[in-house]
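Just below sit the structures, each encoded as structure tokens.
The two complexes that follow have chain A in common; it is paired with chain B in the first and with chain C in the second.
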Partner chain A sequence: MSIEPTGEATTTEVAVRAEGVWKVFNPGLANEVTALQEIDLTVTRGEFVSLIGPSGCGKSTLLRVIADLTHATQGAIQVAGMTAAQAREDQRYGMAFQQAALFDWRTVRRNVELPLELQGWSKDKRRVRAMELLEMVQLADFAEHRPWELSGGMQQRVAIARSLAVDPPLLLMDEPFGALDEMTRERMQNELLRIREETGKSIIFVTHSIPEAVYLSDRVVVMSARPGRITDVISVNLGQRNEDTREAEVFFESVTAVREALRGRTSGAVRSRVGEV
Partner chain B sequence: MGQRLRSVWPPVLIAVVLLAAWQLLVVIQDIKPYLLPAPSLIASNFFSDVGLMWAAALYTGTTALLGLMFGTVLGILAALLAQRFVVVNNLVTPLAAGLAAVPIIALTPLLNNMFNITSRTPRVLVTVIIVFFPMFVNVTRGLIQVQPVQLELMRSMNARPRTVLRALRVPNAIPFFFTGLKIAAPLAVIAALVAEYFGGPQSGLGSRITSAAANTAYGRAWAYVVASIILGLLFYLTVLALERWTAPWTSRSHHN
Partner chain C sequence: MRRLKRGALGVMWALGGVLISVLMWELVKWLGGVISLPMNTSDSAMPHVWTMIGGVGQPEVRGSETTVLEAVVAASAYSLLIALGGFIIGVSVGLLLAIVMQRFAFMERGLLPFVIASQTVPLIALAPLITGIGNRISVGPVQWNTTYSVMFIAAYLAFFPLSVGALRGLQAPTATALELMRSYAATERAILFKLRFPASLPYLVPAMKVSAAAAVVGTVVAEISTGVKGGIGRLIVEYAREATAQPAKVYVAVFGAICMGLIAAAIVTALDVYLTRNLPKESRA
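Coming up: the complex of A and B.
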């Protein structure tokens, strides 16, 4: 077993650990797909890790395996020191998708309350908590609105508030800003970083945007398709993000590094550097 | 308000023009009432018979309402059962198409023999069966056709199947329920009415139409047809109002 850079971390410091994870869809059939091959990934507590790679390389599948929405064919997943299934049952993570997936028949506030409702929270406590979260995503004024009355960006903020409702230590986000325009997107990125700072969550974030991955992350995990595997892990050291970050030299250097890592996969010339990062 | 008036105007205008043309045609061409009675004749019959008509509409309306209620309840119960079996998912659409082609109304004479023909029962029963299918098919669809991402969300929140049903599938089915009800409500009136054509108590709109026609009172027969149309519209509009009131999101939320 290879030693990971974070291998010496104790269990309490590990948010997510994937070891030798494989996911094969339709095994043995003509349409067999190896979506994940031998994935090793460790996310430490409080870390922001992005997954990037071409369409179909298994980013969503990896996230779904971690979330116990689907089972790994082989390998072990650990979330907050327990199995993925236990972590889901204990609500140790919150999830946000590309679609906000809000329930139209509920008000904005009651959408945020949904996970609390499922956990059996009392009505009053639910309400207080939901308002607190809507405050955080700056949508308190829209608490009694219906989801369809909100813009796409606002809906996505509601979805993020909902994913934070039970205060899970881990956030799993699958292209949450994928459907937003560039301006809204950058605002949402800042907002997410602010929320992360306020709450200290560990975050795994799937994206197709290189600048987005770089701007948000401590580490960018680069994946390649068919079979889906990790080809590179690039550390980003931008320090405290501010308005100038996106124009800073280090920012562009990291963007270039990620872009080359993505390209290296297609040329096949760059060998996997996972083990050395 | 101005908006609403503007949208009401054109159909009203068209109706008035059509009625005038109809009247003119009948008068000028001297068309016999058994072919086509003039609107004026139908109107005079309508108003001279309004008391009886009210009673007949009440009778047929009650049959339709009873059938609609029982058929709807049965349709919902069957849908709740069906959604538990994945196979149904692929069967519902062809099933709907197939069932739409079955002339259930043709069962009436048989039901008349099976049950007491002098009672309302066989008529309600026909209506129940006719209402059942659109309700069953649509509600089942609504329970099954939830967004996959919403299902994943529920699973990520560790929701049990029972909770998924209550918090996701049932509310998701409400617009579908109303789609079914908008089909079923006018159908219930038609079923209740046509069921009267096959004998039994002579107190409903359908019976009045047949007996007026048999007595060559064509103006009266048509007046009862008009009353039937009004009854059907009333059922439909009630459902529409109910939808607006209880599920305001159904008409506005087709964004994703």
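Coming up: the complex of A and C.
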């Protein structure tokens, strides 16, 4: 399996490619549900893409298909130039969920070490790497604490550090800030953008929040439910984010564009139809 | 400091409980002499508490060298060892069954009804059966010993609460935690040891407490129904026969059995403290 580009310059530039992906639950049964219908999506390397849509639109399912936690009924998924299954085996992505899912019986540091442990890293190397990551999420002082001694936001930072442990090129995040209060949430968003800048990861981010999607993303993928499909892809050009960004005109324009796309209306805002991306 | 205070308070409550029991006992005895009660409160049936305490130092039978206390302690220790053996076997078997049932859903469907049915077999019916079958077993020079039957029955009672508790515990990890492990391409073995086992502890520990109690009760009852000598179960029966001559003796034996149960509970509690030392307080058993 070669991941190096051979003539085709685009191969390494593509972080994730989904082509004609369908996911049907309980096919042929009375309770058949089409969770994903004909999904085409390409995420280029270093790009931040959010998936947004109403409950049941299949955004989490799409993330799980990319992560090879569930199989597509039809269609092809490519992650880092390989199949989703290979990418999972090779640890080419890190994952974060709405629940931090830290293990209570491990210290914060040993939670971050977990994926490294499963990869068979030596004790010393694990420790060094975990401390490096805890430094990055500014929790080095809490390395020997237990997860349940930490606040929700801190726990989520540990989960992010853990998802970065094996240094995967791609992060898959399923509403990681969904359970946090608004203030913590905004802080975490800034933190995530900083980490992204430092590490250059490609990120696919599932969220319910329009401002969150706009603030974080290069592109917002808008989905609709029953059957779950991509209805719009909206490019966001906010440049370097800072605290003023959240109050900038261009921010609100993008928020409006996403909101209207979710309602199924067209408007004059910056956007491109699905076929063009 | 606060911990010390709470510890002292705990001891006081415990002593208070003992004191109240003693007072109740003597009150019933006294009432029996004043009004007519539906039970025999004479000194031969309900000896005074001080008679029981005095009974501890009496020779076991007239003229014997060993005192009642020595006999009871020896018998309790003997039974406790058998119970411990039964507990260890029961825990191992129960854990193994739980792992198999967790791993294979069809095993849970197929095995669990048998596990539950096993506990509906009356112990009294089981004891002679096991002794009967066991006595015919001999592996090379090793001959089946009736104490093995007692241990087997203790294990038989102990495995059930453990396997049910452990199964629930192994199934306790959240869907997210399991997905996380899958995203790491973790093997089933790694998932078992790094996630399911640690996550099962809050369920496993209380199950172990129930199992330990079952092993102790199982040992005492099995000793009586199989007629194995040397244990506290047998001693209680023997002393009960001599109750007319030395009424205090049988109570000393009963207290021996109680102490044995308390020691078993203390062992499990120590195990509990060790196993759950890293868990948040509220999830501790």
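One rule holds in what follows: the second predicted complex is superposed on the first by the 258 of 277 C-alpha atoms of A that agree within 3 Å, B and C clash if a C-alpha of one lies under 4 Å from a C-alpha of the other, contacts with A are read in each partner's own complex, and residues count from 1 in each chain.
Going forward, a contact is a pair of C-beta atoms (placed from the backbone, for glycine too) under 8 Å apart; a residue touches a chain by one contact, two chains touch by 3 or more.
Being a predicted model, the structure only gives us computed values, none of them experimental.
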Fit or clash - chain C, chain B, common chain A: clash
Which of chain B and chain C A:M95 touches, first, second, both or neither: both
Touched partner set for A:L118, first chain B, second chain C, both or neither: both
Touched partner set for A:F251, first chain B, second chain C, both or neither: neither
Touching partner for A:D104 - first (chain B), second (chain C), both, neither: both
Touched partner set for A:F48, first chain B, second chain C, both or neither: neither
Contacts of A:F142 with chain B and chain C, given as first, second, both or neither: neither
Chain B/chain C common contact set on chain A: 64, 67, 69, 88-89, 91, 93-95, 97-99, 101, 103-105, 114-115, 117-118, 146, 148
Of chain C, residues touching chain A in the complex: 174, 176-177, 179-180, 182-186, 190, 194-195, 198-199, 201, 278-280, 283
Residue ranges of chain A in contact with chain B within the complex: 64, 67, 69, 88-89, 91, 93-95, 97-99, 101, 103-105, 114-115, 117-118, 146-148
Of all residues in chain B, those that touch chain A in their complex: 147, 149-150, 152-153, 155-159, 163, 167-168, 171, 174, 247, 249, 252-253, 255-256
Of all residues in chain A, those that touch chain C in their complex: 64, 67, 69, 88-89, 91, 93-95, 97-99, 101, 103-106, 114-115, 117-119, 146, 148
